[in-house]
Structure formats: C-alpha cells, structure tokens
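Should a chain be cited, it is by its letter among A, B, C, D and E, assigned in written order, with residues numbered from 1 in that chain.
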C-alpha cells in the first residue's frame, strides 16, 4: 500500500481516502436465476487519484459504478451486501433523499454512449441548468452564465450560441464534452466515467482523454475510469483494478500491472493485444470465451480458460489477497502470500 | 419546421386524391346498376333517369370524377336521394353532436389512459399495474355497442343515475351558438342545463372512450417503460434529480411521442365508433346519420359523409404530426 | 344575457308537453305523407274542413261550420268558419280551400310536387272523382263529384286533407314540407332532424288557447329507451310501448296506460306479381304456416287479437263468419307440394325498421315468421330499409313478402278495403295495395259500396268482398292491436283516437 | 430462435396461458357445438318460451323467439372462428404480399403500395368496413370481405417494416454475398424472420375481426337472422333491456371473452417470440 | 505477376434527397470517391479510417453488394463490374465477406449447419453437403456437436467463427473482412485474428481487412490504405506507414492511439474539430480544417495521390512540395 501512496502522481501529501468500497455485492434476479454481477468487490480511492477498472464485457464494471451511485435498477437488481464509504459515510445506509443530494453534486458520472445519455427533447442549456437549479437553487440567469463558462472550458466553441442547441445537433465528441461539463458542473469530489471514449473515433477519443486529464489536474477530482482499453488505462490512471466475472482479480498501480502482470487473466489480456510498437509476431489469445454469469462454474471463474490452472482452482474460489505491491485473487500466489506472511 | 410541415402537406396530396377517388368509386363498386340498387327495379324511368343524372352516371368515368372533384372543391358533396338536402348541410347540423361526443370521449381516454399508463409503468409489476393492464386489455376487447348497452342497463335502468339517450333533456332549451351543448349551456349561464347536458354526455362518452383509453394506457405504459430504460434517464438520476422530476419531465416528454401518434389514430377510431355509440344512445350525430343513410341506401350521403370524415381524420393526423415536431426537436431541425 | 337567461329559468316554467315516438316525420306537408309519424305532428298544426269526434270517427264541423249535399250526392257545399287565420297571418277562406284542392287533384298544378298518395287512394286518382272545386263566396266552397262517394265526408276529415296556407306553399315551394303553416292550435317552430319537432301555441287560434305553451315531438327510435325517458320524467307521454313492458307500466304508480281503440290491421302482404306468390296454393300455404296466435301472445303483451280479415272487427261491415286458416304446418307443406314446391323455396321477407302501432316489434315478428316459414321449407331472408325507403320500395312492388299494417283514417270500411286491396291502388310507384291484388269482382263490389249511401247495403258488399279476399289470400292478416299510449299520471284529458293520432288541443297536465 | 424456447416462455406467461385456454376453448366449442349445445340454435324453442330468464332448463335464458341463448352462443363460436380465419386470412395473404414486395423492392412499387395503404388507413376502419358492406350489400360474407380489406394495411405495414429492418441486416447481405437469389432470400430469410410479428399481428387481428364483425352484425350489415352470430344476437337487445337483460349480456360477454383471449394470446406471443426482433 | 484484384477509381455516391415534393434537390454523398489499389494473391490489405469514411462501402462495392457508381474492379484481370447478374453470382464463389456484427450477420432462425450450408446449396455443391459442413465447422475451431445449434446459443467469438466458416464454404480466393474483430472482447479478438491468419496460410487466401483499430491492422496487413472522407489519403506497405507516416492525418491517427505501456511517453498530436460529414465535404484538401500543418494551397485544391516511392502514395500537397 505504501508504495502506491508514494507514487501518487500529484504528490498529495496526505493520503485522504475518498471512497472505500468493502465487499460490495450486487445481484440481479432474472428468470429465476441469481446473477452475481458484482460479487465481493473491494477497493479504495484517494483524493485526486484516477482508478482504472478494466475487464471483459459483462464482468461487472458498470454495475460496480452504478452501485456506488445507488442507481441499480431494482427490480431486478439488488445490492446484496458490503459497504460503500464515501468521505467516511456509508452510502448504502443513506436515504434516497440524501443520496439525491450526493448525486450530481459530490459524485457525478459520465456514461459510455454520449449519443443516448443526453435527453433528446431538451436543449443542452436546460439539461445543464437543471444541475444548478436542483443542487444550488440558483436562478436561471446566474446558472446560465456558469453553464456557458463550463461549456467554454470543455472546449465548445461559441458556447453562448450552442447552449441553445439540442443534443442531436452536436457531434458525438461534442456531446461527450457536454456530458463532462455537466458532470463537473458542481466540482464533484468523485467522477465516475464509464467507458467515456469507447463510442468515439480514435482522434476524438484522444481529444476527450486530453480534456479529462487537464480538467482533473485543474479540479483535483478523483476519477474512476472504466474502460476495456488497456491503452487508456496506461495513459490516464494511477491505479488499476482488473475484474473478471464480477470479482476483482488483480488490483495494483499502473506501472506494476503493465510491467509485471501476475494474475493469469491479466497476463493473457496483455499478451493477446496486438501492439503497435512491437514487431509482428503471433498473438497468444486466451482460449475459450468469457463466462456466463448466470451459470458460473464452482471455484475460480477463470479456471476453464486459465493456462496455469491447478486442481484446487476448480473447487475453491480464490480470495483477494494482499501481496507486496498489489492485491490478487489467484491460487498461484496464495502460497506465496501465506509464505510471505509467515516469514 | 416549416419545411417539415410543407413536406407533410405535399405527402398528403396523393392521399387526399386517393381518399376522394376511393369515395368517388364507392358508388361504382355497387354490384349491378347503382340506380337499380338505390331505387329498386320498378322505379319509373323518369326517376331513374333523374337519379342517373344526379349521380352523373351518364358521363364517362373520368368526367364524373372531374365533376366530383370540382364539386368537392366547392364544398358540394352531393345531395341526399331521400331528403334532397345537400349532404354538407345535413352533416353540418349533425356534426356538433359528434364533435362533442368525440372530444368528451377523447378527454376521458387521454386523461385516464395517460395517468394510468404512467403509474403502471413507474410501478411495474405492482397490483396497480396488473389490474390496470388487465383492465385495459379487457377494454380493447369489448364490443362498444355491448358496453353501451351494459352502461345503459346499469346506470340508467338499474341505478337510474344517468339518462340513457339524447343530448339534453327537453325541458332545457339553450340558444344555439356552437351547438356544442356543454359550451352553449355555459355561454347561456344555465348551470342546470349544463349539468343535464353533461349527464347525457357521460355514458356515451365512456362507451366510446373505453377502447381508446385502454389503447392509450397500454401505449403510455410500454412507451414509458421503454424510455425509463434509456441512458438519459440514468443521466437524469445521476444528476440527483428527484424521481418525480425524472419521470414527469425527462421521461414523460419522450414517452409522450408515440402516445401522441396513437391519440391521433384513435380519433379515427372514435369517428368510426361513433356510428355504433350514437345508434345505441340515440345520439343525434353524424354516426347515426350515416347509419340511417346506409339503411336507406342513400349512397350519396354515405359517400359524402365518409369523404368528410376521412378528410377530417387526415387533417387530425397532420395536426398530430405537427404537434410531434413541437415536442420532438429532432424532427423540427431536420 | 347570462343574467336574463338565469332569471328565465327561475320564473315559472312554460308549460311544455313532450311526446315521444319512434320515428321522425317523413315530411310535414300533410297532403304528401302517409305515415302516422308525420301525421301526428301535422294534426297539431293543420286542420281539415270536417273533423272526427274526440272518441270515434263520427263527423263534426272543423274549418267548415256546416255543409250540405245535393240529392244525387254529387254536389257538396261547405260554409266556412270566419275569422280564422293561418299561422302566417293570412286569412283562411274559400280561395285557400280551392287552392289546396287544386294542388292535390291536378297533376299539372305548379304546386303538385310529390306523390300526394292519399288523395289518389281516397278519391280514385288525379283528379279522380272530384270534378271541380268552386269558390262561391269568400266563405262558401262547392265541391262537385263525378260519382257519388259514400265516405266522402269521412275522407275529408282525414288529416291528409288539412288546409295549408296558400301563401306559405307559394313561399316555400319544394321546401314546404319543412315549413308547414296551418290554422291549428299549435304552430310549427323547428324540426331538428331525427331529434325533435317543436311546436308553439298559436295564440290566435279560433277555438281558444291550447293548454300547452309548447308541444315537443321527440324521436326516440328505441322503445325501451323511450320508456326509460318517460320513467325518468324527461318526456310526458309516448307511444310505441314494448309489449314486453306493458306489465312494467301497469305497475308503475307514476304512469298511466291509455288504450287506443283498435282500428287497425297488421298484415303480411304477398307480392302477387312475383313468383311464386302468383300461385294461390302458395299463398294459402303461407297462411297455414304462420302461427298468428303465438305471435299475438308473444309480441303484443295481451293488447291484440289475431286477425282473419283485413278489416278490424270494430268497424261495421266486418265479416265474422269467415273461418280463418288455422295454424297447420303439415297442410302448408302439402299445399306447397301441390303448388310444385315440395322442398319449399327461397324468398325475402321485408320487415319494417320502426315500431308501428299495429306491430311494435316488426323485426322480431319477422324473425318469428321467418322461423315459421323455415319450418315448412321456405327460406326467407329478412330485408329492411329505413322507413321512408321501405314504404317507397313497397309502393314500387320490389318486395316478396312484406310486413305492413294500416290504421284506419276515417272509420269507413272503404278506407281499409279500397285503399289496401283494390286494383285501383295497385299501381306501381304509388301502390297502397302492396300485394298487388287485382280482383275485378272485389273492385266491382268496392266501387258499388262507395256509391251506395245505405250503410246496410254497403256492409253487405263489404262482407262479400271479404269472402273473396279470404279465398284469394293476398295477405296473411296477422293482428288487430290495441295500441297503448303511455303518459305520466299528471297528464289529463287525453282521449286516444282510434285513427291513431289526435290533436293535443285539449290535453293538459297538472 | 429455437422453437422450444418461445413455447417455454409463452407457458411461463400466465396471461398468455389464460388467453390460449380461451382460444382453445373457443375452437373446441366450435368443433363440438352439436354435442355441447343442449338445443338447436335456430329451430328449437317456441314463442311460448320467449324471454325466459336463466334457469336450469335454459342456463343463459331464452331469446325473443324462445331459442336457447346458450346453444346459440355455442354455435356462434363457429361463426366467430369462420369470421376470424377468413377475414384475417384474406388480410394476411394480401397484406403480407404487399409488405414483402414493398419492403424488399422499395422504390416506385413501395411508394405505390404504401400510398394505397395510406389511403385505406385514412378512413376510420370501422367506418370503411361499414361503407364497404353497405355497398356490397349486407351479409356475413360481405362483412368478412370488408373486414379483410380494412385489415390489409396493418399486415402490409408490419411486414414491410420488418422486411425493411431485416433487409438491412447483415445476414441478408451475407446471403446475397454467397449468391442467393432475391426469391430465395425472401423465402428463406426474410419471411421466416417476419413470422413472429405476423403471428402476433394475426392473433390480435382475429380478435379485432370478431369484434368488427359483431359490430357490423349489430348494425344489421353482417350476419342475418336467424344466424346465431354473437353481434347479431344483440340486434334487438336494446328493446329488451328492461325485460330481458340477459339477452344482451351473455352474447356480448362471449364476444368480450374471446376477443380478450386472442388479445392475451397475442400479447403473450409478442413477448415470447423473438424479443430481439421486437421494435 | 498478375494482381488478384485491381481496384481502379472506384466510386460510390449515395443520392440524398433534400427539399420537398416537386422542388426536390438531389445531392450526392460521396461515400467512396476515387479509390484505387492493387492486391496480390495471399496478401492482406488493411483499410483503416474513422467511422463513416467509407471503409465498409468500399468493401461492399468491390463485391457488388452495392452497385458502385463508377470505376473498375478487376478480378484476375476481368472487370467484374461489367458482369451481368448471373455471371456475377458465379463470381461470388471466389469472393466472400465476413461481417463485423456477429449477432446481425447470422440468421437467427437457422442452425449453424444450415447457415454454413447455404452457399453450398446456392451453388448446387456436388459433394456431400453434410460432410463439407462438418469439415468447415472443425476447420474454424468449433466442434461437430455445434452443428444443430442456433446462433444465439453461441458467444460472440464462436459466432464469428460460424461467419468465417460460411465465407470459406465455397473455397473463395478473396475475403473482405469488415471489422471482424471490432465487436469482440480483447481476449477473444486474438483468437479470431489467429484463426484468420492460419486460414490465410493454409488456403492461400487474400484479405481486405477493414478495421479502425490500427494495432490490429498493423498486425495482420502487408499493405495499408488509410481513408478519410471517402478518399485514400495514404497507401503503402504497413512497415513504412506505421514507422514513419507521411500524411498528417495518419500521423495524428497513430499518435492518438493509447498505448498500453505506462512508461511509453510520446508526443501526441491532438486534432482539432470533428470528423466532417461526407455530405458537405470541405473544399480543397479534405483534411485541411483539422490539419495542424495546413497551407493556403490546402484550402484551394484537392491534392492528388502522389507516389512517394514505388507502391507508396500519399495525398498531401505538403509531401510534393518537399
């Protein structure tokens, strides 16, 4: 743990925990089946930090973030257990009304698809002002000034004019900028970005990433960055959490993860990437396909695809364990950890 | 937006022509000689000739159509064979009653239908949802005339709460202004008459409004459910808006779009359903007028009134489309 | 004026009499209509030269105060009532009477538009037996006939021969049927089609003031809806009671059931111009096939008798000796087989769309008859049109089997037998003899009876005619009904007239 | 979609099962009417037994001619099925053909067919059906034709819109890429995939057809007496409402239940059949 | 050596109607505008570019799944655009396509066996269809027991294999791969890429490989064409383009890709503005509104594809100036 703090990019002296998720469990119930979309996820986030969450489609990244926002649709979903300590308070214990005060003001969120995340029948202005109206009880005039200022900041030209436009009159990149403006409007403590660039073209993606980095520096916001693009993680984040089938399999800082991946899934992931800089060589894919959460095998969820699998893996689900520079959930290292603890 | 409206107007042209053509052809679809069918086999030759002339059957078909269209442009839809009155004139006397009935039915249908639909969607799978949706499905399954009869039986006969027929009790006579009795009675300041007219309106309006109400409720619910799944609703929630604001502002405006179209289409249903409702409730409107014309084989009247209703229906749908652009900016800016 | 309107409704209300029936008038020009729906209304507005007594068909003075006829019965002189005004303010006088007669009898008269059927029926065509109408002076009219006509006065008393304002006829022309102007106790105000006809008291009526400020005729096609309106107090009186509801009315303390003396017949006419009804055996078979008793029991609530003659028993000249064809399907089948239809045949059965006094539930009766016919192998498809069309098509002879009836207009047998079964009235386009029965012997008898002034002799002729008619079986005479009038208990002085309608001049309500 | 899957989904939907039961009951009743009906629907009963209230002898009472209402309702099932199948069949064949051609070939043909559809749809459907029957002459078969005609547009539209979306699907393009002909694409790919919405539309339409036919008969334009059609059974009901409300009540209830059955089943099928194609 | 495929000045313009009724104005959306390239047997050409730049349209136009507006597509020296419908259908044996969306590209109502058998049936395959299908199933790494399953019972990667099997059924020479791995998870993506590479080696296939992920393109292609607004802006051997891109757009594109190596620091060229719409393309050089190094001339005239080296062409005024 200490190492992570030391390497804090912004050199924050005091390690201030903003968010501490402990053993979060979020389940869905559909057609009689229990789907453990998030099954015992724990992590901490410090002020000013950027945490990346990576993992395959369906591994529970979005559900984790929606659980933090307490926006899991219920039914069919339910937060079945755990704690989410935000600035020391457990969000899961808050009333809906208290949560509403936190959403948008303290914690805000950007979603994957900027095309569908803005309400098509209201102007951008209306959707931006709403945030100020609801949380700060600002008059429309004051709010409008702030909103225009924000739009300028996220790089929308002619903000005074464009603010009157409807979402469909913006391009995808512009819409994502509007979303960012909206999320940052009240200078939140925590910003959750759920694949904010996946739907965008590479050149636009680069613009947005640059913008986010710049704004993060300016506001000092903590960010949870959800993505399946390891490149984005490498470029933006300080810490990474790798998820597989609703569980954290590896959690460490970026340098450590890329330089020295430990979990077989992480290793496989990195190996299966074709790399621009490298010479052409045969890729090493992870065999098999991602698991069906409604129908998980016993033991380690990655077991059927794992090239290092052992007998124990098919029986016992490995717990997330502290290893010197990381946390990891794999039987391969279980002994090592135990040994380390013993020595 | 003006562009869009113009475009819709242009698109209407072939439809309008089609409507008039179809109506025009109505008489020609009569198997056999229309004049014989209308007048009977033993009509005097003079009378037959006269009718033939009145219907213009002596001209070649295209001339007949040109004449028909020409008359139509001059607001002339032909004359009744029976009363020899102009169809348009007779329609005008019956129309207000139907307008009043239709609007009342639509009012009931939209107010109740939309509210029930919203509540059902927001409380999906609750008892309210279940009951109202079974109710709505039952509603669309009911023959309108049967519902009318049952309402009469229950509310007029057994309970005696509401009158079973007509528009207003004879004891009231209100000066005719709009010929919509609810408005006329209010204009006259005759409160008792207003209440009486309202009492007469309730049963037929409920009978006529039930099916649209059910359809609107179902549509609102499914449209609302669809919208509530959308990302922008999640965005609104993530902004910390109250659930009420999320539903009544962000969701409803979007969910309303398909409902609006359905409402427009339901007007067509209402205009058609009026025939049965007015027959059952002895409501002196266009529906009964058409029914009687059909019984009398008064084809010019059938032809003329159906043309008018179709035109009105087309106009209503145009209005709905225009309203659509007001609600949905995506179309407005296309 | 919101205030005044409010005030008005608080002041003692005008006295309105609301009377509901099943059909809308066909027209309001009495000379040009034949149906009771129209006549009920015109009878309030227009008057005839002579009238019937309130309770029977005896003749009393109407617009003519007195009259005399020549010995040979060919010349009739009428002395008209003075100081009588039409509702439009024009005076009633001999010229007006002549104008009306000329209009009716002369096909070339500029105002002779329409069929004027009744005139033809009663006076044998146009000009028929009326030779001339002469103005003697302002208040004396002389009518000359070609041949004597025994029921002449009775005929003149029929509402169809009510005198219209000549000025109004000239003014409205073709549209006069929507603007009737007469001399009666009520004047026409408005006719809302299929809804109501509103009449208003005519304050200058020569006979004094009527009791009601307004009389409203409402059209409520549905019998039970009409009854419900009456029960809920929205109307004062009605005709066309569902026989099934007779009991209900009797048990209702707020309602009274007034019985109209029976002077009608409901019948099934067979179009003898069409096959197979030209065949006597077929006609007789149908007479045997129909269970009249059951029909009467089922559809008249005890207020009718099965008919065996075209003439109702209440009218003199009724031949009670005639033995009716009894209900006997087997015999009917045998007759059909004899006629060459062992397996029956298909035909159409026409049913009136509206309730009539002599047949309150015509469609149901038609279905019952359909069933009876089916039982002997005749497949009848029920056909119906709206009332005016139905009558028109009947007059044209387009039907096969045709339900209709007749309510006597003047209490004279001639009014039944001649109108309904004489060959003079079997002319396509304006037939009142809708079975197109043409029997010369019958014709001879009926004309003789018309010209005979001795009632006993006339009765003999009519009885003989009835025998022939019975044997020829152009109809299935079905029923003579006693049509009920239902009114609120508060309605007073109402004497239902056997002719089927009456003027509301004396009627009152508390 | 594997067949078993949607059947399983359908059976899990309680409402749909109720609908299915009603529909099966209707079919059963229609087939075995002579065995089920206690009396002859047309010839039994005399005027003496007229308007008898429901009793052990006549479970649902008798009508104006003394006929047993239950028996007439039972035989009426046959007519309702006939109406449903024939008019919907007519609409289905014409509508599907129009929709397929219009959707797949597009262009002028599409514009033409769709204008025709627009024109028919510009008339309120009941009114158009009324007009058509009044022109053709009142009879049950003409009523079925009229109902079929007014239902054509909905089928044409459903098919067209599914074809339009299917046409853009990559699997259709894939078929074209392997050289399949238009005809084979229409038959092997487009039609089977339009089946789900068609089945749903068809099921719902049977309900509508029964309802409309009853309406036309009620107005005297459809089935003629003494046919025991449910709507026709209500023709004189208004007159008899005071004395014999059951005459109006039961046939109407029969209509409602059966239409409800088809609607429930249709709804259920919609949910069960390939939800991916649902739009 | 004769090239397997030679595309010359290929154009595809979509008509877009604007305005109302009779006063309609027709405009053209130039989805593919003057695209030319050559492909030798056994080679892979990578086609990259941002969304909407015309990659798929190019692929489809080559196979005549949409009719090109103009140009030539010479397959073994024969212009297939001149073939009639019937002849073209015969040619389809040799040219196949694999689609991006593993969900939409398989008919949900057909079993895997039926899907794979379809091309065989269309071309009246003489041999045993059942055997051939099983052979193909195994060739793409599925198991025989999968043959009677429906597409929805498979994962995305498996479905993509079915699509590949269908494309292989008729032993084609050329396969257009339209983003075959874009919809797949990273961990599965590599499986499919490997499969495609193996098949290429084994069967001597020629690919046109469309992708927007440059690292994938680089991995699989010998030659690369970079498209922008319907036109090729840079075309040449993959090593050259990826090592030292010449066109400013390619440069920006390459630098924009996030690299999964935290220590790897590079200068990023972040382009201004959005991808312009092909309905209203800019005048002059199509890229000039976003170009960091534009000159006056760029706003005026459209640069040609200048040949920098043998088989290496760049569409930039700046290049020629040098």
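Keep in mind that, in the parts below, a contact is a pair of C-beta atoms (placed from the backbone, for glycine too) under 8 Å apart; a residue touches a chain by one contact, two chains touch by 3 or more.
No experiment lies behind these values; they were computed from the predicted model shown.
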From chain A, how many touching-chain steps at minimum until you land on chain D? 2
Centre-to-centre on C-alpha atoms, which chain is most distant from chain D? A
Starting from the mean Cα coordinates of chain B and chain C, work out the distance between those two points in Å. 40
Centroid from C-alpha atoms only, then distance chain B to chain E, rounded to Å. What do you get? 54
Could you please state the distance in Å, as a whole number, between where the Cα atoms of chain C are centred and where those of chain D are centred? 46
Just curious, how far off is chain E from chain A if you go by their C-alpha centres, in Å? 33
Where chain B touches two or more other chains at once, the residues are 152, 157, 295, 297
Out of chain C, which residues touch more than one other chain, so two or more? 222, 225, 228, 384
Residues of chain D touching chain C in their complex? 42-43, 46-48, 50-51, 64-66, 220, 224-226, 235-236, 238-244
Considering the complex alone, what residue numbers of chain A touch chain B? 66, 69, 71, 75, 96, 100-105, 108-109, 111, 113, 116-123, 130-131, 134-135, 166, 168-169, 179, 182
Residues of chain B touching chain D in their complex? 14-15, 18-19, 21-22, 26-27, 29-31, 134, 137-138, 140-147, 149-150, 152-153, 157, 268-273, 275-276, 279-280, 290-291, 294-295, 297, 299, 302, 306, 309-310, 313-314
Residue ranges of chain D touching chain B (in the complex, touch as defined): 15, 115-116, 118-120, 122-128, 130-132, 134-137, 207, 211, 214-215, 218-221, 231, 234, 237-238, 241-242, 245, 248-249, 251-252, 255-257, 259-260, 263-264, 267
Using the touch rule from the top, collect the residues of chain C that touch chain D in their complex. 222-225, 227-228, 242, 244-245, 248, 291, 294-295, 297-299, 361, 363-364, 366-368, 370-371, 374-375, 381-382, 384
